[in-house]
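Dropping the structures in below, format is C-alpha cells.
Paired with chain B in one complex and with chain C in the other, chain A is shared by the two complexes that follow.
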Partner chain A sequence: MKPIYMDHHATTPLDPAVLQQIMPYLTNHFGNPSSTTHEYGRQARRAVDRAREQVAAFIGAQNSDEIVFTSGATEADNLALKGIALHPSRGKGHLLTLATEHKAILDTVEKLKKQGFSVDFIRIDRDGWMDLDHLQELIRSDTLLISVQAANSEIGTLQPIAEIGKIARERGVPFHTDAVQALGRVPIDVVRDSVDLLSISAHKMYGPKGVGALYVRKGVRLASQIDGGGHERGMRSGTLNVAGIVGLGAACEMAAAEMPAESERLRILRDYLIERIENELDYTTLNGHRVERLPNNANFSFAFVEGESLLLACRDVALSSGSACTSASLQSSYVLKAIGIADSLAHCSIRFGLGKSNTREHVDFVVDLLKKHVVRLREMSPLYEMAKEGIDIDQFNWGEHSHDEH
Partner chain B sequence: MKPIYMDHHATTPLDPAVLQQIMPYLTNHFGNPSSTTHEYGRQARRAVDRAREQVAAFIGAQNSDEIVFTSGATEADNLALKGIALHPSRGKGHLLTLATEHKAILDTVEKLKKQGFSVDFIRIDRDGWMDLDHLQELIRSDTLLISVQAANSEIGTLQPIAEIGKIARERGVPFHTDAVQALGRVPIDVVRDSVDLLSISAHKMYGPKGVGALYVRKGVRLASQIDGGGHERGMRSGTLNVAGIVGLGAACEMAAAEMPAESERLRILRDYLIERIENELDYTTLNGHRVERLPNNANFSFAFVEGESLLLACRDVALSSGSACTSASLQSSYVLKAIGIADSLAHCSIRFGLGKSNTREHVDFVVDLLKKHVVRLREMSPLYEMAKEGIDIDQFNWGEHSHDEH
Partner chain C sequence: MSTDQVDYTEKVMDHYENPRNVGLVENANGVGVVGNPTCGDVMKLSIRVEDNHIVDVKFKTFGCGAAIATSSMVTEMVKGKTLEEALAISNKAVAEALGGLPRIKMHCSVLAEDALKAAIDDYLEKQKNQPDQ
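What follows is the complex of A and B.
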C-alpha cells in the first residue's frame, strides 16, 4: 500500500473533476489555438480564452488578457524578474526580495546580480515574517521591483501582501508576488492587494503539472524571455499547452468555490496536529509564524533526531524535510537557516503539507508514528540524555534559534 | 461533423496509446520527481528517467542525461541559441541560420542581434534548399553556432543535416537543428549526423502539447534560461511535467516503431496529392523541394485565387495557409517570401500536412473540393481570363517566382 500523502506543498494530485475537464483536450479537441483558419484551432482557442477568464476571475484581475500562460511558476517567476530587469526601457537597477523566497527567485536575482543589478534582502524575523519598515528604508530611486512571496512553502509563513502592495504603489515600484503556495488557501486579490505581477502554478492547487501563469497588470512592460511567434501578447511564445491551460482554469474555478470551507477544515486539522505534537513530544519547535500561516502547513524541528532517519522510519506517511526543489540535496533547508535556525536543528525538521485527501485519522496516525520513532531515535542520542539530566547542551549548538535575534 | 484534419504540421492529435501511458501520471502517480524522500516522488522520478531513455534512444543520443526536458520546442530553440550565445565563457559572436527557420529561431537571433551578436543567413535556393558552399564561406573564427532546421514546416524542404554536421564539426562550430517537423518522419541520428543540439516537440509527433526537449551533446555548455532549483543538470529549472514527459517518451518510442511504414505510406499519399493537383489544375506551383521533402508535406500556390477565400470554401478540410504561429496574421508567409515567391502568389498558397488519420479518400476529397472552388473562384478573376487568352500578366506581378533567381 502507498503511504498517506502529506506533502501537498511539493505537489498535489490532479483533482478528478479537473481531469474530466481536461480529457476532451487530450482526445478529440486537439487543435493548435494559433491555427485559427479551421474549427480545430478555433475550438482550442475558445478553451484557452475561457481558462484565461477563470484564472483572471480567481485572482481578481480586471482583464483576462492580463494573464500570461507559462510552463509553471518557475518560468513565471523568471519572466517577472528578468522581464522587469531586462526590459530595454530600464537600466541596471535595484531589486528587493526575501532570503526565504523560492529558488526560482533567489537563483534569478543571483544571476541578475552577476549582470550588474543590485539586490537587497528585506529583514525577516525568526518566524520568517518580513519587516515593513525595513522595506520602506530599502526602497531607492533605482528600485525596479519588490518581489515577496505570499506564503513560504516550507514554514508556511504568510506575508503582509496588501501592506507591501500599498507601500510599493505609493513609492512607484512594481510589486511581484510568488503566490504559488497561497493561492487556493488564502484569498488573494490583485486589485485590492495592489499586486502588479503574480506567479501561479496549477499543480500546487490540484491542477496538472507543466502549466502556470503570470498575472501582468495592464501597463507593466516586460521583456519576453521565450521568443518566437509572439504568443501571449508578445510576452511568451510557444504553442499553448491547451489541456494544461484548461486544467489550470478549472483548478482556479474549483479552488474559488472550495476554498472557504476547505481552508477552514485544513486549519482545524493543522491546529490539531500542532497541538498534539507540542503536547505529546518534548524538545520540539514549530518553525514559521504561529498565526500568519498557511492553513495547511506545519513545520517542526524534533531536537536530537536526524531528520532523514525520522522520515525513513515514518515512511508510511509521505513527508519531506523541506522544499521539493532542494530535498534531493543533503543540505539543510536554506529557509530554516535564513530565519536563524541552527543547522543541527534544521537537520531534524519535517514539513507537514496537508491537503484535500487528509483526515483527522491521518493526523492521528502520523503523530502516533512520530512519537514512536522520535522516542526510539532519541534513545540513541547522548545529547538527549544530557538534556534530560539538565546538562547545558547549548554548547553543542542545540537551540541556537532561541537565542538568535536574527 | 468536424472537417477532415490535414494540418499535421501545426499539431497532431494525441495518440490513444500515448494517452494510455500518460493516464497513470494524471491520476494515481502524481508525485513530484524532486520529492525523493517518499515513494510518490521516486515513482515519478523513475517515469521521467524512463522517458529520458526513450527520447535519447529515438534520436541516437549516447546518454540519456543529454536530454533536457522543456515546455516545448520554442523553449528548446531559445535555450539552444541563447544558451550558447549568452554563456559567460563566450563573447559576443556570430550566428548562422536560415531565413526560413521557425520564428523561435528568427525572433531569437533578432533579439541577440540587438544585444550585439551578428547574424548571417545562409543562402537558400528557390526550393528552400541551403547552399553548403555558402555555409563554408560564412563561417568565421567567432562563429558561435550554426542553427539549421531539419525540415521546414511550411514547404517541407529537408536540409542536408549530416553534411552541415560534418562541416560544423570540421570547423569546430556547434551545430543546432530544430528537428520538430522531421522527427518521426525521416530518420535522424545525432551521432551519425554530428548534431550538438537538437530541438524536439511532443505535440508534432502525436504526443501532448506543453512538452519538448533539447538534446545537448555532452561537453556543450549552455547558459540556463529558466533558473531556480537547478533541475535538468542546471540547464532548466522548474517542476518536471511528469505526464507530459511520459507522453513525449511514449511518442518517441511509438514513432521509432511506426516511422518506416508510416512515412512510406504518407509519401505515397503525398505524391498522389501532388500528382492529382498538378494534372488536374492549371496555374499551380508546388513550393519547396520536389525530392528532399517531408513525406507528409505539400504546399501549393493556386494562382488567381485568394488563399483565405479558398480555405473558407474548402472548410470541410482543416488546412492552413502557413505555419500556425503566423496564420492568425494576415501577412503572407515569410517562408514563401524568403524563397522568392511573389506576395501575390504567396497569398494563394495552401499547406497540406498529412498524418496518420489521412487516407487516399481524404486526398481525393480535398482535391475534388479544391478543383471545384479553384475553378469557381478563378471565374471571378480578370487576371485568370487574361492569362488564358495569352495576355502577358507578369506585369501584374504574377509568377515572379519563375523569374527570380533568389
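What follows is the complex of A and C.
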C-alpha cells in the first residue's frame, strides 16, 4: 500500500487537468515564444500570454506584464531581494524580514549582509505572529525592502499582509511577500494588500515543479540576476519554460475556482484533526497560531516521543517532523527555534499538511495510528519516566552531561 | 559499518518494531543515562551484574529508529557476557550486527555504547563504595 500523502506543504501532486493542458506543449507545440516570425513561435507566445493573464488574475494584478516567470519561488525570492538591493539606483541600505522565513530569503539576506547591507528581524511571538509596532520602529530612512512571508510552511502561521502593506506604502518602502504556502489556500490580492513583489510556486498548488513567478508591481525597479537575451522585460533572461508556464497558469485558474470551497473543507478536516489529538492524547502542544493559520496545516509536539521514530512507526502516512534526527544537518527546526520552542519539544514535532486528496477517513486513520504509537514509544522513553517522577527535562543538560562522563 | 543508503535494513526495522528488553531491571545494580550531544537523544540502560556477569539488562530510549534498534541490539549482545566482554563491544559491532546503518545514523549507535559503559561504570563505582555481597 502506498502511504497516505499528508505532506502538502512540501509539494502537491500534479492535477490531471493541469497535466492535460501541459501535454501539447511538451509534444507538438514546441515553439519558442521568442520566435514570432512563424506560427510555431506565435502559438507558444499565445500560450505564455494566456498563462500570464491567469496568474495575474489569480493574485489581483492589474497588468499581466507585472508577472515575471522564474524557475520557482526560490529564484523569485532571490530576484526580489537581490533585485531590489543590488539595483544601481540604490545604496547599501537596510532590509527587514522574519527569522521564520524560507531559507531562500534567509540565506539571501545573509549573503547581502556579507556584502555590506544591514538586516533586522521583525519581532515575532510564540505563535510566529509578527509585531506590527516593531516593524514601524525598525523602518529607517535607508530601508530598501520589507520581506514577510504570507504563511509559514511549518507552523502554518499567517501574517497580517494587508497591514504590513499599508505600513510599507505609507513609509515608502517596497514590500515583498513569499506567498508560496498561502496562495490557493487564503485569498491574496496584491492591489488590496499593497504588495509590491510576490513570489509564487506552481508545485505547491497542484502544478508542475520547476516553475514559478515573481509579481513585480509597475514602477518597481529590479536588477536582473540572470542575463542573456532580455526575456521577461529584461528581468529574467532565458528561453521560457512554456510547458511549465502553461501548467502554472492552469494551476492558478484551478485554484481560484476551487479555493473557497476547498479551503473550507480543509479547515473543517484540520480542526477535526486538532480536536481529536487534543482530546485523546495528553502532553501535546499545538505549534503556531491557533486562529491565524493556514486552513490545511497542523503542527503538534508529542512530548517525550522523538519525531523520527514516530514517523517511522506511522510510515503508512507521509508526514514530516522538525526533529533533529530527521534533518541531514542534525539540527532541529529553525522555525520552531525562532518562536522559542525548546529543543526538547521541537524534537517531538510532527507537521500535518492536508490537501485535496485527504478525507475524514485519512484523519481518523492517522490519529488512531499516532495514538497507538505515541503511547507505545512513551512507554520506552526515559524522558516520559522522568516527567512522571517530576524531573524537568529542560533543566537537564544532556549534551554536556555526556561529554563530562567521557 | 555504514552505508550511503537512507533506508534501514530489515534487521533495524525488526529491532525497532519489536525492541527486545525494554524497561528497567527491577533489582538493577548499575544504571547509565546518557545524552547524545549530536542530536539531543537520551538512553537509559540498567543492568544486573552477578559474579562479574551481566545477568539482566533493559533499556529505555528517546531517539530515532536507529537509536532504538541499536539500544535493543546492544542489550541482546551483552546479556550473559562478563563485564570485560561487554566493554569490548563497540558501536561499530552493534551497527554491524544490525546489517549496517545509514552513514548519517552511525552516531546513534554511539549512544548505545556510551549507555552501556555508563551503566558498567555506575556498577563498578557502587562496588567500590559498598561491595555487593
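In this text, the second predicted complex is superposed on the first by the 379 of 406 C-alpha atoms of A that agree within 3 Å, B and C clash if a C-alpha of one lies under 4 Å from a C-alpha of the other, contacts with A are read in each partner's own complex, and residues count from 1 in each chain.
The rule we apply is simple: contacts are C-beta pairs under 8 Å (C-beta built on N, C-alpha and C of every residue); 3 or more make two chains touch, one makes a residue touch a chain.
Quantities reported herein were computed from a predicted structural model and do not represent experimental measurements.
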Superposed model, chain A: greater residue contact from chain B or chain C: B
First, second, both or neither for A:S344, with chain B first and chain C second: second
Which of chain B and chain C A:A61 touches, first, second, both or neither: neither
Which superposed partner A:M254 touches (first chain B, second chain C, both, neither): neither
Partner chain(s) touched by A:L383 [first = chain B, second = chain C, both, neither]: second
Chain B versus chain C as contact partner of A:D77, first or second or both or neither: first
Touched partner set for A:T11, first chain B, second chain C, both or neither: first
Contacts of A:L96 with chain B and chain C, given as first, second, both or neither: neither
Partner chain in contact with A:E306 - chain B first, chain C second, else both or neither: second
Touching both chain B and chain C, residues of chain A: 308, 324-326, 328
Touching residues (chain side chain A, partner chain C) in the complex: 304-306, 308-309, 312, 323-326, 328, 330, 332, 343-344, 347, 379-385, 397-403, 405-406
Chain B to chain A touching residues, read off their complex: 2-3, 5, 7, 10-14, 16, 19, 22, 26-27, 30-32, 34-41, 70-75, 77-78, 88, 102-108, 110-111, 114, 201, 203, 208-211, 225-231, 237-244, 308, 311, 315, 318-321, 324-328
Residue numbers on chain C that touch chain A, as the complex places them: 8, 16, 19, 22-24, 33-44, 59-65, 67-68, 104, 107-108, 114, 117-118, 121
